[in-house]
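Structures follow.
Here chain A shows up in two complexes: once beside chain B, once beside chain C.
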Partner chain A sequence: MLIANNLCKVYQLKERKGLFGPKTLKEIMAVNDVSLEIKPGQIIGLLGINGAGKTTTIKMLSALLEPTSGSFSINGIDGIRYPQEIKRIVNVITGGERNIYWRLTARENLEYFASLYNLPRHKLNDSIDELLELVDLKEAADMPVERYSKGMKQRLQIARGLVNDPKFLFLDEPTLGLDVAIAKELRNHVRHLAEKRNKGILLTTHYITEAEELCDWIYVIDKGCIIATGTPSELAYSTKMNTNILVSIPELTSGVKKEIYEIAKVHQAKIEFQENTTDVSVSISAQENLTGQLAHILTSNGLPILHLKIIEPRLEDALIQLSYGGDSIERNISNCESRSYKATS
Partner chain B sequence: MLTTMLATAKRNYYIAKRVFPWSFIVQRIVIGLYTVLFSYFIYHYMFRGYLDSRFETYTGSSDYITYTILGVSLYTFAVSTLMNVGRSLMNELREGTLEALLLSPCSRKGYFLGNLIEQVGRSFLEFFVVLIVGWLLGAKLLNIKIEQLIIVLILSIFSFFSMGVSLATVMLRTRDTYITQNTLFIIVSLVCGISYPIQYLPTWLQVISHVLPLTHVLELFRKVVIFGDLLWHHWILIIKLVALSLMYLLFGFWWLSRVEKQLIEKTFG
Partner chain C sequence: MKEIFQIVRAEVIKQHRNSFHSYGVYFTLLIWPIVVFFNAYYSYKPFNLSQGPWNTFASQEDIIMFLITGFLGYISFKSLLQSAFYMGHERINGTLETIFLTPANRIAIIYGRAFGALIENIWMFSVFCVFVTVWIRRIPVESLIYIPISFIVLIVSAAVWGGLMNVIFLFSRDASFLMAVFDEPMILFSGVRMPTFVFPIWAKIISALFPLTYALMIVRPLLIEGSLSASLQGIYKLLISLLLIVSLTLWLLKKAEKNARKNGNFVFY
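Then we have the complex of A and B:
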């Protein structure tokens, strides 16, 4: 299990005004008091807008970057005191085409990275074949990477990230720049890794559907602070956004209209009626999902439902609301002032 | 460490097999030959074989051609090793693979050693090309004792490797290879006694000569080749050389661990 407690990272940035101007030291609180947990087999999402602090968090958890304060442990190993041990059991996969040798073939790349983890030779060849199979690069395995397409390079990156059979895997925008089909395949891999291989996975992504589809639990990070957590659907509902129901019926009697108004009043729903040439459409928007109650009214009055559409709140909207704010949203930032920028000479 | 070393050597071998670093090799050999020829012409045509009397006092020999050729060939060997080891991490940074390397628990010693052993053959090639051309120009090389030479070369590799590790750190720190390497090579070629004894230099420059291991390696190399001396006669020199190299080595690794951290702190995204 991975447990992070109150991680903070302050970057210090030296800046100079003009060519010979005085140097100022700017401090940027990139990650502010982040605590999170990942159990084996879980896929945890870390979502936030650009510059929210996702990559910085991942760098700390992979023992690449030392936290300014806070602590974390993976399977009981203290991450601050034993970074080398942590490096053995985690790995990071980033989007893009870096972190592989373009002049080597896929197989040579994997052999090299596996050796950096000191894996025994006899195990190596089998597991490399298995990895190549997993990312579907078997046929291209002996071709130099520079001749690969973007998607192939990205898949090789994934194989690279699995080369030490990590217990925890951090995916930093892994589907960046991939086409729809490959991205989907990758998501399947990720799910497979969690479900079948029991790996704990931390995923950052800008594609909300990806997070909705994969994540068991999501942390929303903004300006370095965790501002909301929950399952994808909890988060979508938690921002107090409405579920919209659109239904069309052949006709509308005043009795039905009255009944609909009544439930709308109870649930503070917004209602609109629109009379078309052949039917009447009704739209109801409320925080709760009123489909059941509406259907009950219609059927008990003998009205057939010609068409029904339910638009549930989406995580994407929730995230936009959370990150860019909105008057109706209470942001969970009581203990977390907005990111501090300090400048000292 | 051993696994990392072998894997890195193998990796570099594959890369070299695909894109052989011809340009660097040719460049270093040409510079070596050019320096040899330059000294040869100056000596024969400008000074008409006349040597300042101090030369013999300083070196114990009046054979200027052999003196220079030994200097230049070992210099070529040094530059080759220094470039290959020194630029290794910067190349990783440029090719975007440094992060993957730092992400792994791999041993830096193994990494550098791997870089070293893969290129040793090519460095020797450059060394011998310059030496053979020098021999054709009249350097006296035939009374070398092979086993003594081999030990000198092993000591050279050790000391160039040590300097290479420090150089790698400097390059990573300054994020530059070009200016750093050329500055270093100019300094080395001026103060290490490549084509004239360091005693000709002002005393303050000689201080720099003494902190550069190449000066001592070169002295040993000449003692063995020109005078056919046995190495154990020069054990003080050897201890000095090894101690100095060790300092470069330890300092390089110590500093590298700090520079790596700074580098990660300064990398965005």
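Then we have the complex of A and C:
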């Protein structure tokens, strides 16, 4: 199990005006009081806009960066005191085409990185074959990486991230720039790693559907602070976004109209009617999903439903609201900023 | 120890794969050093060699030997500077950070890189040197052992030097000035082309900073005069110099990683 408590990271930037100007010290609070937990077999999402602090968090958890304050442990190993031990049992996979040697083949890349983990040689060859199989690069294994497509390079990254058979895997935007089919394939890999191989996975991504599809639990991070947590659907509904229902019916009697107004009044829904040449469309927007009640009114009045569309709140909208405004969480953010002020002063 | 060996091995293989991708490499590794060597040789030829610093040498062959040992040493040291310079690419490619993501022994990586680069870069010119040595000296069988001894001295001191260069590039991404600082001055002050005893005192002080100076003090008596005793006085100087460099390297290495863990700067470029 991975447990992180109150992790903070302050970057200190020395800035100089001109070549000989005075040096000023600028501090950036990249991560502010982040606590999170990952159990083996779980996929945890870390979502947030650019610069929110996701990569910094991952670098601290993989012992590449030392937290300014806070602590974390993985399977009982103290991450601050034993960074080298942590590095044995975690790995990071980053999206994009960097982090591998382009002039080496896939096999040579894996051999090199596996050697750095001090695996015995006889075991090394077997596990490299297995990895190449897993990411479907067996045929291209002996071709220089520079001739690979983006998707192939990304799959090699995954294999590289698995050379030490890590207990916890951190994926930093792993599907960046991949086409839909390959991204889907990659998501299947990720799910496989969690479900079948019991790895704890932390995933950051800008593709919200990906997080919705994969994550058991999501942390939303903004300006270094965790501003919301929950399952994907909990989060989607958390921001008081409305469910929109659009129905079209052949005609509208005043009786039906009255009934609809009544439920709208009870649930504080917004209603719009629009009479078209062949039908009437009704749109209702409310925090609760009123589909059942609406359908009941229509059918009990003998009105056939020609068309029905339900737009439920999506995680994406919730995230935009969380990160770019929305009064419900305003308080939360200002809270966090006052904390950050305290921490740096 | 086994771990260190494995990492060194991995680095050697990686560097080989990474650099041996075209025939152009053979040019820089063999033809270029030979051209530089002949260039030096023929610039001395028109002068009267029985005067000046050269009069301590007996013959033309001695001068060839003097120059060829000098250039072999120089090529070894220079190739390590280049390989350290390549560290900058690793930074850009993100592979540097990926290396530091592993728990691999950092010291092994630093010296593994150096050994890797060295073996890669000098084996061809070395073969040439051995060939020339045997051919012009007609070295007696009992002194053949001096050839491998000379190689070991050169390789060890170059690798120690390379370790330092690697760490300096690890520390700063703006270390390319080292190329300028160390390249030509090393030829001059280490006595690649002329014996250091002709230098004025200030130049001798600078020579003392380059371990190549001492390595050549050992190798040259061995191969030119075939005299072990004459080379002995260089040994303790070389050892002290290498010891100092290794300590500096280890200290900087520790500092570099600490710094990177604080500022996250292994990804800067």
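Rule of thumb we're sticking to: the second predicted complex is superposed on the first by the 329 of 345 C-alpha atoms of A that agree within 3 Å, B and C clash if a C-alpha of one lies under 4 Å from a C-alpha of the other, contacts with A are read in each partner's own complex, and residues count from 1 in each chain.
Please note the rule applied: a residue touches a chain if its C-beta (ideal position, glycine included) is under 8 Å from a C-beta of that chain, and two chains touch if they have at least 3 such contacts.
Given the structure is predicted, the values throughout are model-derived calculations rather than measurements.
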- prompt: Once chain A from each complex is brought into register, does chain C clash with chain B or fit beside it?
  reply: clash
Query: Touching A:143, do we find chain B (first), chain C (second), both, or neither?
result: neither
Field: First (chain B), second (chain C), both or neither touched by A:84
entry: both
Message: Per the contact definition in the header, classify A:246: touching chain B only (first), chain C only (second), both, or neither.
response: neither
Common interface positions of chain A, toward chain B and toward chain C: 11-12, 59, 62, 64-66, 84-85, 87-88, 91-92, 98-104, 108, 111-113, 115-118, 160, 164
Field: chain A residues touching chain C - in the complex, by the definition given at the top
entry: 11-12, 56, 59, 62-66, 83-85, 87-88, 91-92, 94, 98-105, 108, 111-113, 115-118, 121, 160, 164
- request: Would you mind writing out the residues of chain C in touch with chain A in their complex?
  value: 3, 6-7, 9-10, 13-14, 17-18, 21, 93-95, 97-104, 109, 260-264, 266
- request: Report the residues of chain A in contact with chain B in the complex, numbered from low to high.
  value: 11-12, 55, 59, 62, 64-66, 84-85, 87-88, 91-92, 97-104, 108, 111-113, 115-118, 144, 160, 164
Message: Which stretch or stretches of chain B touch chain A in the complex?
response: 3-4, 6-8, 10-11, 14-15, 18-19, 95-97, 99-106, 261, 264-265, 269
